[in-house]
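In what follows, structures are represented as structure tokens.
In what follows, chain A forms one complex with chain B and a second complex with chain C.
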Partner chain A sequence: MSEKSVTTEEAAEQTAMKRVTDGITLGRVGLYATLIGLVGFYLLPIESGLVTSIKTPTGLDNTFPFLPPLDAGWITFEKWQVAFDYLAPGMVNSMLFTIPSTILCAILGSMAAYGLTLVDWRGQIAVLALFIAGIFVPYQAVIVPLFQFWSQYMQLGARLSFLWGLPLLEPHYATILELIITHTAYGIPIVTLLFRSQYKTMSNEMIEAARLDGASVWRVYRRIVLPLSIPMFAVVFIFQFTQIWNEFLFSLTIIGSTNDPAASATLILSGLGQSLEGTDYPLRMAGAFITALPTLLVYVLFADKFAEGVQT
Partner chain B sequence: MKRFLLLLRSIRRTQGEGPESERTSGERRVMTDGGTSEKRSTFQRWLDSDIVQSAPFWLPPFLLMGFFVYAAIGWNFLLSLTEYSGFGDPDYSNLGLQNYWAMLDDPGMWAATRNTFVLLVGFTVVCLIVGLLLALLLDREIRFSRSFRTIYLLPFALSFIVTAQFWRWMYNVNNGIINQFIGVFGLGPYSWLGSPKLVLGAVIFALVWQFSGYTMIIYLAALRSIPNDQYEAARADGASTVRMYWRVIIPQLRPAMVSATVTLVLFALKAFDFLYATFDGYRPRRGADILATKMVRESFGRSEWAYGSSIALMLFVLSLGVITPYLYNQYKRGNL
Partner chain C sequence: MAETQLDDVRKVFTETDGNEIVAVNDVSIDIEDGEFLVLVGPSGCGKSTTLRMIAGLETISDGDIRLDDRVINDVPAKDRDIAMVFQSYALYPHMTVRENMAFGLEESTDLSDDEIAARVEETAEMMGIDPLLDRKPEELSGGQQQRVALGRAIVREPAVFLMDEPLSNLDAKLRAQMRTELQQLQEQLETTTVYVTHDQTEAMTMGDRIAILNDGELQQVGTPLECYHEPANVFVADFIGEPAMNFFDVTRRDADGDGAVLVNETLEYTVSADISTAIGDRDDLVLGVRPEDISIERSEGDQRRADGHTVPASVTVVEPTGDENIVYLDLGADRSERIIATIDGMSQVEAGDRVVVHVPEDAVHVFDGETNEALHNRRVESNEPRVPNV
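What follows is the complex of A and B.
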């Protein structure tokens, strides 16, 4: 007993000494200086974009790109207004397909991970390998057939034409529906992996005990696994929301044109402020911030959850 | 008695109980008459087996994902054998490898392949190094280490279309920050995104800015899992800090490095969004065209669908060359 207390005391003393010395060592100062310098490096492009977005043309010419407009006359929020008018429908569209496909991904991925992790059967590793390989497949390898599938074979817009007469429904929702299904399908592999990483650490005893008591596979899922996966659902929501919101290649190919009523925020941003006279940088920066706003908010509020999703 | 109960259950079932209770009762039966299991037909045993019981969970997502991923890849291969271009429908009656021969004669293809490998190697290596340094810096009992981590990872949470806008402004010839910065040392100004010699390096730099936070997170997770006594043991042996990291800590980061490398390489193979947004269209400036951008341009820019599909298949085979050994290795280690 005494031995233990001595070691803890010693350890405490050592850390206290370390803290005292840490406070003054040059290495420590250098370390923090480096870390703060790196903060500058990672934030500079974003900060520069922010100050540029509120500069008038004169302000743009007369200040350094990383400094805020120093004269009150050089400040204008007009570009934000213009960018918002362009992007607002895109933001609505992005929300319309991002939220449903995030939820669908989470539900289907959790189910798949459960069926492949907590219920044991031979050959499941092969199915699992196909799921995991699906994470890494480049979208280029499927994009032409995908385009064919939606535009030539499914033609949801025409097939569901009876719906568009209904209130609150519009023809371009067909494209939104296509995007929901597409994003769900391609999100399933990574979400399955995320849930599996959690389910692997789940106590097997509890589940086996429940099954011996006669609980069905479904009951175990609903009563034991689902309540325990709520934290992972949060991680998946944060991570998938960001991924799907930021995605571009599917928007570009399935929606097609920035003028399409179903155009997503990223698609509209990619064509914002293009003109023969050159690029309107303040407008583009304002647009970039408006497009990034939902993901920025989610990131700032739930950074830890996002990092957890990235880690796996 | 048991039979009576069974009969009761089957009656209840025919009365149209929900599927959930049906399965529950089926499961119960297995448990209660475990001793008489030989009597059950093979079909019933098959129905009660775990593979069938778990199928409602993994099969629907598997079919959805399998159709969009694997069936689409097969379809893509078929398309690559046709002459499909322009409007209309592909003609599947006349298949051949002509698109693959055409790739060999396409000088743009060689340039794109070369650029892809430069991007892939440069981007991956620099990201791994920068991420490792960030992780080592942050793993030293630092105050606000979470805030630092959050800031370094921030670019990774942004869309490429968004970051491309920022970097176009950074690289601007006249008043971009990069040119102003090197102007302090009497260099430049350079046309970073216009010159064929500089453009790929500029793109790599911007992508490293966006992805190094990701590698940092991967390394940090691995560093945190190294038990503390290993540091202490190395210290007790009198190893210097550098030596301790080099000999003891970094070798243990190998698995993290491998999985980060796989992700980075596969990202470099499909990188498209950033280049599209940086150059306002399907055609990147000369010197920055990679296979991923060429594939999308051939199909969606020029409607050479079959040719685009053949490049897509090549990209798929290249990524398979990375995925297969990785998954096999993970399987061997029991990490899958």
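What follows is the complex of A and C.
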């Protein structure tokens, strides 16, 4: 009796083992090894940056860049404080132009896409072609004209000088305004295309039903199309916010100097920790993380809607 | 509520390569106040385009559309006081049923919020959708969505209802039920309705009058029974009625007296003086007879009756539908022609049977073979015409 039960237990154990080993094939092992390798590959620079940002000069000299500071005395958060102090005005400036131009891009792009997709009029395709062409205009091609346009022809600072006496307004807001307009104009084509791809899938009969229900072109947009494109707005918010926040060339062209009161976060970051004595790596790393934080925050805020929008 | 007139309405689409396609060709229909008119025809016949022109969703190339004697060609869709029910229902997915129904009233009238809410509730109750008022369209079944789409049109109390195949996405049973309900609703509301369908059963059962379109041309406008018993041409005769009318290409041969004989390789059909007169001296003819007018008699051998209205045949297929049998027969010795007959469900006919087919003369239609126009239509003797078999 007992012998028999032992053999059945053994058999059960063997089949269980077999089941486990059955699942593991060479292909699966390879797949997971590759995946883990890729995770390491992508995370290593971030991890190196993070550990570097909290090292003292001694710590920096005595450890590999990707290793954490091994001695408690080598750890300091001072650089984060310094970087934050340097970057804070830039972060405010960046917010001041990124948020308005992101919102403007989304609203104007969605309206343009509506007009080009769901409203019927002659010459639509020609106008659409202009928008598409706008996507492919390289930044380098517009830098010189852009600089001349703002500094010679528009001169917003001088023209709006009557405003700067008002409370809460400062002369360097003219530069911020220039950046808002530039980023909005540059972002509209791609945003229009994104919205258009969604609007093309919208039921034509639904739009027609709304028109027959007595809604004007504007009311159809306001009450039908706009509420239905909220997920796409999330996609555009994340996409445009990241683009404009990280943008450097326009900042360099329009703002010019790191010392300008309108200097953006990216512009200040470019000079952070650079001096004649050498590069302050911990400071640069801390600065980079601080500058990247808002884009992460935006992604977290809109992640749900973003997933919905990407599906459409 | 309004009288609607289409006067030589024409729609031409221009393709990108400059080709012009006439979708609707000089269609004229007077739709009376409170009438239920069904536009019917095969797909691509221009019926939906006609409807969309009435709605204002499609421009009119030529002709006039009048609503109570006012030309509305250039009135934008939103100002036409017309409600439409679409095939896809076209509900607004982000709004509840209540908001869907209120939308039209909010956009097109100056009613206060309370009045709008009251009208929505009232209509929803009438349509039996009041328990659904706070749901979104995606939470409704197809049939419920269909009802909401209908309710959304009704709540506006428009001058004209337009319906573009509103029942075609429902299953057969629900469709039959909604057909009856729609008819009752329309009678109750007395609103002029134009209903587009490709389904001749819907056309026959629902319309006060039906307008049959083919290739953008209006073929005939009339009551369902007129179109059934007195088709204007071969197309109408073929389109209306299920199973379709049987047609035979024949030529005329003079017979004794005033009559004539219509002949082809298989058939020899004697007609009397009045049909012969209607035919005149035309030679290229089409003889038509509805399946339900044909009777089948058992026979031993190939016997023909002396009246010249019978032909021997053999049964190839019998499709029983319960109340009747649809019988497919091959005619003549060489079996070159096929004829379909519907006979009583209780009669015993089986595939392979040799029979004699009898086609009564008062049930035949004769058409001109070149123009396809009707020359002679069947006589309807009784005051109460037989109910068409649809």
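Structural remarks
Heads up, the rule we're going with is that the second predicted complex is superposed on the first by the 272 of 312 C-alpha atoms of A that agree within 3 Å, B and C clash if a C-alpha of one lies under 4 Å from a C-alpha of the other, contacts with A are read in each partner's own complex, and residues count from 1 in each chain.
Just so we're on the same page, contacts are C-beta pairs under 8 Å (C-beta built on N, C-alpha and C of every residue); 3 or more make two chains touch, one makes a residue touch a chain.
As the structure is a prediction and not an experimental result, all values here were calculated from the model.
Judged by the touch definition given at the top, the superposed model places A:169 against neither chain B nor chain C. Contacts of A:215 after superposition: both chain B and chain C are touched. With both structures placed on the common chain, the touch criterion links A:205 to chain C but leaves chain B unconnected.
In the superposition on chain A, A:33 contacts neither chain B nor chain C.
Once the two complexes are laid over each other on the shared chain, residue contacts for A:297 go to neither chain B nor chain C.
Contact comparison for chain A: of chain B and chain C, B touches the greater number of residues.
In the superposition on chain A, A:133 makes contact with chain B only, not with chain C. In the superposed model, A:224 lies in contact with chain C only, and not with chain B. In the superposition on chain A, the residues of chain A contacting both chain B and chain C are 212, 214-216, 219. Those residues of chain A that touch chain C in the shared complex are 203, 205-206, 208-216, 219, 223-224, 227-228. Residues 31-32, 34-35, 38-39, 41-46, 48-49, 52, 60-61, 64-66, 108-109, 111-112, 114-116, 119-125, 127-134, 136-149, 152, 181-182, 184-186, 188-189, 192, 212, 214-219, 221, 242, 245-249, 252-253, 266, 269-271, 274, 279, 281, 284-285, 287-289, 291-292, 295-296, 298-299, 303-304, 306-307, 310-311 of chain A are the ones that touch chain B when the two sit in their complex.
Against chain A, in their complex, chain B makes its touches with residues 20, 23-24, 26-28, 31-32, 49-51, 53-62, 64-70, 72-73, 75-76, 79, 89-90, 134, 137-138, 140, 142, 146, 148-163, 165-170, 172, 175-177, 180, 209, 213-214, 217-218, 221, 262-263, 266, 269-270, 272-273, 276-277, 280, 292, 295-296, 299-300, 305, 308-309, 311-313, 315-316, 319, 322-323, 327, 331, 336. The residues of chain C lying in touch with chain A in their complex are 55-57, 76-80, 82-84, 86-88, 90-94, 103-104, 107-109, 152, 156.
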